[in-house]
Each structure stands twice: as structure tokens, then as C-alpha cells.
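Letters A, B and C mark the chains in the order given here, with residues in each chain numbered from 1 onward.
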Amino acid sequence: MSRSGNFFEDFRVGQTFRHATPRTITGGDVALYIGLTGSRVPLHCATPFARRLGYRGQTVDDLLVFNIAFGKTVPEISLNAVANLGYADARFIEPVYPGDTLRAVSSVIGLRQNSNGKSGVVWVRSRAFNQMDQEVLTWARWVMVEKADPAAAAPVSVVPELAAQVRPEALSVPPFLQLGEYDPTSAGGARLWDDYLPGERIDHPAGMTVDDPDHTLATRLYQNPARVHFDALAMKDSQFGRRLVYGGHVISVCRALAFEGLENALSIAAINGGTHSNPTFGGDTLYAQTRVLERWELPGRTDLGALRLRLIGAKNLAAEKLDRPQGEKDGKPQYHPNVVLDLDYTVLMPRRNR
Amino acid sequence: MSRSGNFFEDFRVGQTFRHATPRTITGGDVALYIGLTGSRVPLHCATPFARRLGYRGQTVDDLLVFNIAFGKTVPEISLNAVANLGYADARFIEPVYPGDTLRAVSSVIGLRQNSNGKSGVVWVRSRAFNQMDQEVLTWARWVMVEKADPAAAAPVSVVPELAAQVRPEALSVPPFLQLGEYDPTSAGGARLWDDYLPGERIDHPAGMTVDDPDHTLATRLYQNPARVHFDALAMKDSQFGRRLVYGGHVISVCRALAFEGLENALSIAAINGGTHSNPTFGGDTLYAQTRVLERWELPGRTDLGALRLRLIGAKNLAAEKLDRPQGEKDGKPQYHPNVVLDLDYTVLMPRRNR
Amino acid sequence: MSRSGNFFEDFRVGQTFRHATPRTITGGDVALYIGLTGSRVPLHCATPFARRLGYRGQTVDDLLVFNIAFGKTVPEISLNAVANLGYADARFIEPVYPGDTLRAVSSVIGLRQNSNGKSGVVWVRSRAFNQMDQEVLTWARWVMVEKADPAAAAPVSVVPELAAQVRPEALSVPPFLQLGEYDPTSAGGARLWDDYLPGERIDHPAGMTVDDPDHTLATRLYQNPARVHFDALAMKDSQFGRRLVYGGHVISVCRALAFEGLENALSIAAINGGTHSNPTFGGDTLYAQTRVLERWELPGRTDLGALRLRLIGAKNLAAEKLDRPQGEKDGKPQYHPNVVLDLDYTVLMPRRNR
């Protein structure tokens, strides 16, 4: 493999990257995203529905925005990543509409060399902007990146403090959002914010087999060039023996599977944290389970609230059979081998008395 | 599997469902549909061509409209269907343009419990509307649905009478349609309405192998959540042992294969009836054969007529080798084991002297 | 197989074909093309970027234009082609924007029967026009086509002279193009026209495995109905035993792989020549190598120049391992068995002092 992308020793705390390939998102991306996930969130499917709530038109699926913005950061941040370790403090700030153009910038906010001296952890804060230079999305992530030269000196360790969750008052609710005409029939489910209780578990019944051409199509759409997803020949000699499914697409598929049971979730307001606990491969069948973590009122709004949810994605194991996503081995927490995703995120949902 | 969707005992004659997920169809859906089928119908491909005929712009492929509208009805009607038994009296009423938003409603028009007491047949009339509440499509279908509780009482049997075919005078021809500038070169074939004779058989030469990622992409685009198409793990224990191709996509592929030989079919006006006679699986190669059933003049129009066609879809058997789509076994009609589709539909086609 | 399309004896020098299916290209095609190739050329991805250079908006990828235009010619020219022998003198004349509608015409410019009497070579010049009848693309190609009747008389041989390359003065540079605000950061690479030297070799690091559903989706999007790409059953009995990947899609994938290292190539101005030296099949992993052939100044422009490049596509062999794309056997040039594409093309690229 050629030496492209950055290696651990190339990063400095405070360094900033203006990522390439500004991207105008169109109805084409929206349609293909529906084709790839089966997503049925009405706000992202129908312009008249969106307009009745005060939006200019249908908005681009939050996770499509996330995956496109994320893809831009790969060439500089994670082309040589060994592992995508986690996400934190992702906030969806402004709606994105078809026709908007996104660009992304990232800053290095932390560095820590691993004790083996061969790799290290890089923390970055990335931000996506639209063509009016409005920030539409921000997120932190950390990745393990190889060193090109194991003899390169270790940097001073800087480990950033990241909020364990986005607080309700930090969630962006569009000021124009009005739910007076909100009709749950358009979403296909009767349950609203009031009906979910922290502690509740939802075993989403649908499963989706992800074939190699599915995830490669998705990952190319996101313009994420990480080679582990595309090059089956090179991956034959890797520890996995084959192409890996991009984790962001696992999130998208699991979110779509979790639609049934959370129909009235309007949009995603935040991703509090996330772990890709095991790899997903072409041919795996994904299932989704949701655990309701918290139910928040929102400042100044009596018509909608927020739900903090834990989305567990499992491969080749139906959700109803998954009782303990995370167990323990030798005194340390360990994920169930079928669990591929543990995502802590927050949605906005209409309340009963609007 | 979780108990979602309706079971046989949940249905009542007269019951109405307003289905979820209004959907704005865009150029993205149009492009992906071309990518999934290879369809080359000029009215659905080119705006200047459509405008010369009097349309506002290119129209959305009739079968894409059908499949998207159909998909909306699945959660309430056929999520627990054992089999999609038939279609009748489908009429394409208004053209759909990119930018239009579709919604669907269904009414139960018939019920009959099976003699085994474990399942029953449900007849529904479904209708799709655009954002101006114009009815764009109506169709009847009947499905066999399982009972959740075999002990539930049988309903009074109501079997609706459905027309064997949509009569010529019931076909919708846009009043603005003008064929003075119609140019068969744009379609790529010389034959017009006058040139087809009832009794004629056309063996369309093209074949198309449908891989699993093709039909799952299509079926997600249609937002049809029926699990038999997506969940390879659950289907391993089914009678088929694998995912099933959604029948509506079989129709779309066979119609696209039938383009060569029917190039000047402007659009589909009606589906008179249809049967998915055998299952289609990923890896099967589809072929199409057309038999011309009837040739109708249309009231008040000398520039175009209608052709009632029988479209036979066969898997893994070239059309020219298929002489008897339907045979007989033990005195009962039985489909050839390679025949997957028997569709009776009506197209509009320009006449020679316009 | 049915006798559709033209056979060698059906062609006459001077014959002209107006090909079918005018096609309005939309944002849907653009998005799906990105999904199929992972292309990241900024001019084709972002409207604000394109406008800063003087374009009306983002332009449609040159190779998407080529493949769609090419697809239109297949029914009349190459449905019965045994082999696509070569391309020459392809010039991209006008930018194509989403919303434009393309049509294509071809003229037969040469014919030569093979000595075996069973087939012959047909040369055609094809041209694509937009809805304003502006020529947007022209190209020559030659194909080997079977005779339906081996006894048919041989035509007088006419072998056209085709330029070995499009000369710099024949390249179309949009008169409105202004590079004052060109920012290489948007492309993600620092190298400009001045930095490439004839003789330089670039081993592009990325590889992409092309699965059968990828290339069939692409080839249907291009509305190219050649059966060798779609009908796995019929191809089982061919010399290859399976479906062939359409060569134009191999070009698209290799061009996308070649992005890394040629980031600031604005657009493709010409294809000087091209050979599909070996077949590509589903499951093959493609790699790309570029050799810089020539560096040209352009008349009247000091802000951009042209690079004539040789793009070598290899299957199942990383670019860095490919030293001699073409060797020799029995005194005749012979391609390395892993080389599937040898494309000579010309790109426009900003210069350092603008």
C-alpha cells in the first residue's frame, strides 16, 4: 500500500484540516439513501409533510448528512486508521435541504501514543458547514492510527474531556418548528414522547441482510475512500479476510430497522456516544434493539420532547434473543460477539398535548 | 417474529387504512429506477419528449408509481401475508411528475377464511393520491394472511366481484395528450398500434439476472418493508430457504425486458390482472414474452389506441423456449414451473395515421 | 437469441442512425454515479465550486455523459458486437448540466470484412447533442460485428483515418472558465499542471472490487442493453462462462481510482484512444496506474493547461506491481493478462501561476 493519508506522527494537537470535495446533496442522494436503508422517516421523505411543520421542504436524513460529512474527513484523519474507536458530542444543528452544499473541517484535539509504540489514538473535532457557512453538524471522534515510522517520537499525551452526553439544553430545535398539524398517521405509529418510559426495551422485528454491493454502494455515495471497505483482494490478507462494512452504514441500517416502534421520532438531535463493537461483513443480517435511556422535556417547548435512546445493532441474532448486549470477561466489560453497534443518541418527538 | 402488522382476524369489511410515509418522488427515484430495471420508455426518460406530447415534463414510470404506492400498503395489509394472490382493476388515472408527493389509502372489500381455519383471504381496494388530492392510481388485490389466533371466529365471507379487465372506456387518456409530433425514432421501434394483431406472440430477446442486492435495493426504494425480501437469516428456516424477490419488482424487470418489441407503448393505462405463479430468487435470470390479447380503439381518439397484453415472465428459460405458460395437472390448470409472472395489462400506443 | 440489432452485412458506409431514448440527466444520475464509482471530482460534486469557476452549476461527470451517450448507440451499432475494438478522437465539447437532455446520432465511417468471412469491423462516428442541439460530445469507435448470413457479400473495405490523439488546439475550453478563485483544497491535492512531468508514473493506491450487482446497476443506468452484461444464463455457454463488465464502466471505476494523485484534474477534455485489453468480471478488483504522456500549454490560456495521460486499469494486481502493461509474445505486442484497460486521455488542469 502506498503511503497516503496521515500517520500518527503526522498529527499535532491544534492542527486543522479543511477537507476536500464540497458536496451538493440532491434528491438523488435522498432517493439512493432510501434505497440503501429502506428509511421511512416522513420528515426526510415528503415535502408537504415537512412544510406543515414549518420546514422549507423535506430535509436530508440526519444520518446521510452525518455519513457524507464523515466521509470527507477520512482522507486526512482515518485513511490509515486501524480502528474507529468512538464518537461523542455529535450535534445536528441546522436542517440540511436538498440543494445544500456541505464542506467539513477538523481539528486535532487529542493525541496519545499506544504503549506498543506502533500506533496511537487521535481525537478530532469535526464540523460540517453549508453553503451559507452555517454549521450544520459537529462531532468528536477518536481513531487508532498507525505510525509510519515506529521510531518517531511520541507526542505529549493530550486526552480531551468529552461530554458523556449532549445535555437537553444543548439540543438544537428549529425555532420555526410547529407541531399543531402533526399527524402520527403519516409516520405509521401511535406512540408519542409521553408513551416511552426510561428502562423500556424495544425489540425491532425487522432484519436486513447487508450484501457486499449494498455497503460498497453506500460508502461510495458517502465518498468515504477508506480502503478496507472496497478492496477485497487486499483485505484477503487482513485479519478479517474480507471487506469490512463501514460503521456509519451500520448505524444507518440499524436506525432504519429501529423505525418500527419509534415511528414518531422526528429527527436525530444528537449522538452522545457510539462504539462499533464488532465488525460487520457482507452477508451478515442486522437486527436492532432500542433501550430508552432518558426522557427529557425541552426548554420553552411543550409540544415536543427528547428521548435519549440506546440503539444496539446485532448481526445474525434477532433482537428478541439479545438480553445482555454487554457482558464481562475476566472482570472487564465485553460485548456480546454478535453486537456490532452500541449507539447512544437523542431524538426529538412530538408530545401528546400539542 | 414480533406480532406487528395485521392478522386475518384483525380485518373487517369496510375498514379503511390511511397508510404512512407520504413520499415525494424526485429525479433521484427516476434515475435509480432506470438503474434497477434498464427501462427505456421515452415518456419517463426525457422532458422535451414529454413536453412535445403535452405533458408538463417527463412522467414517473407507471410501475415505479405502482411499486411506491403498493409499498405503503404493506405495513397494514400484507406484513403477515403468506401469499400475494392477485391483482385486478388497476387504473393509472393521472400522470405523476417528479416533485409530486404520493400517499395511499386502502379499504377492505372482502374476507374469506380458509377451510384450514389458520388463514384467510383479504381483498383490498387501494388508492394513491398526489399532493393535490388527485387520485393517480387505484387497484384491487387479494392476499392470504395468517391468523394470529387460530381459534378466532371466522368472519362472514364476502367475496367482491372484480372486473376481469378494465374496459377501454374506463382507461384514462390525458385530455392534453397530442401525438402530432410523436416520433417513433425516440422510442427506437417502428411498430405502432395498427401493427399488432391479437394472437401475436413476441419473444423478447433480452434476459436479466436479478441478484439479491438488486431486488433488495429496489424494494427498499419502494419502502416495502415485507421481511421475506430482506432477512436472509429468518428466511433460511422458511420453505424457500432464502430471500424472495418482491413480485412488483419482477413486474418492473419483465416490463423493461419487454420494451424491445413494444417500443412505442407510451404508458401503462391499466393492469387487468396478475399472478405471481412461482417465486423468484436472487440469481434467477428473467425473460419476458408478450401475447397480444386485444386491440382497442379509444373513444374520441383517432391518434392512439390501446393494446391489452399478456406479459409472461419466466425464470431461467428464454422466452422463445416457452410455448405453454400454463398447462394442466390432474385436470387443474398449472403454471409451467419456470413461469413467475402472468400479467394482463393495457398500454396506450400511437396509431399510424395521426 | 433473436435476430435483433444490426449484423455486419446490414451496415453501409455513410449510413446514419438517430438513436433512441432521449435522456434527461438529473441529480439522480449524478448521485447514483457517485455511488457506483466513488468519484470525487469537485466540478461534478458541488454547485458553488462550479459557479466560482464560471459554470452555471455543477456539471455532469464527463464519463457519465460518455457512458449514457454510448449506451444509446448500442441497439443499432453493437448489439451483435463480438468485441469493442477501440475508441479514438473523443472530444468533450460542451459542459452538460443536470436537467440537460441528451440524444445521439451515429454515422458509419468504415467497414472491413474479416478474412474468416464470418464477421467484420464497423467504424462509427457518434455524436451526442443536448436539448438546444449543441454538440456536447463526439467520438469514434470500431467494433467487430457478426454476420447473420456468412454468405452475404463482403463490402468494399473502407478504413477511416483517425487521429492518434486530439491535438491541444482541438480541445474545448469553456470561454467563461476563470480560475482566479480556484482552490486546490476543494480537490484535496496540492499538485497542479506544472508539477507533472511526462514520463512520470503514478501508482494509485486504492483498489475497488466490482461485484456483479455494481456493474449491472451502472450499465442499466447508462441504458446500455448489450446482453453480455446482464444475462448470466446465456453467458454460461459463452467463452467467458459468465457476465462481462461493460468496458465503459471499467473506465469510470479506473478513473475514480486514479483521482488520488490527480486531484486537480478539472475535467476530461478528450479520449485519444482506448483498448479493453482483457475482460473484467464480477468479483475482480480493479487498480489504476497513470503514466503522464504529454504536458501541453493551451492557446490563449495561461491559467490552465492540458495533461495527456495513459490510464492503465489492472484487475487483481495492485498498480505498484505492474511494471510492463504491455509485453510481447512471438514478436507481437501483447497485454499483461491482468491489464483490462489502456486509455489515452487528456485532462484540463489549473496552472501554478493563475
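One rule holds in what follows: a contact is a pair of C-beta atoms (placed from the backbone, for glycine too) under 8 Å apart; a residue touches a chain by one contact, two chains touch by 3 or more.
Since the model is a prediction, treat every value here as computed from it, not as a measurement.
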Seminar exercise, completed: Superposing the Cα trace of subunit A on that of its twin subunit B calls for a rotation in degrees, to the nearest 5, of 120
Exercise. For the homomeric pair subunit A and subunit C, should the interface be classed as same or different, according to whether the shared residue numbers exceed half of all numbers used?
Worked result: different
For this session: Starting from the mean Cα coordinates of subunit A and subunit C, work out the distance between those two points in Å.
Result: 36
Exercise. Which residue numbers or ranges of subunit A touch two or more of the other chains?
Worked result: 26-29, 31-32, 98, 211-213, 217
Exercise. Which part of subunit A faces subunit C closely enough to touch in the complex?
Worked result: 1-2, 4, 18-24, 26-29, 31-32, 75, 98, 101, 103, 131, 211-213, 216-221, 223, 225, 227, 230-234, 243
Exercise. In the complex of these two chains, what residues of subunit B are touching subunit C?
Worked result: 26-32, 34-38, 40, 42, 45-49, 58, 98, 185-189, 203-209, 211-214, 217, 260, 263, 283, 285, 316, 318, 320
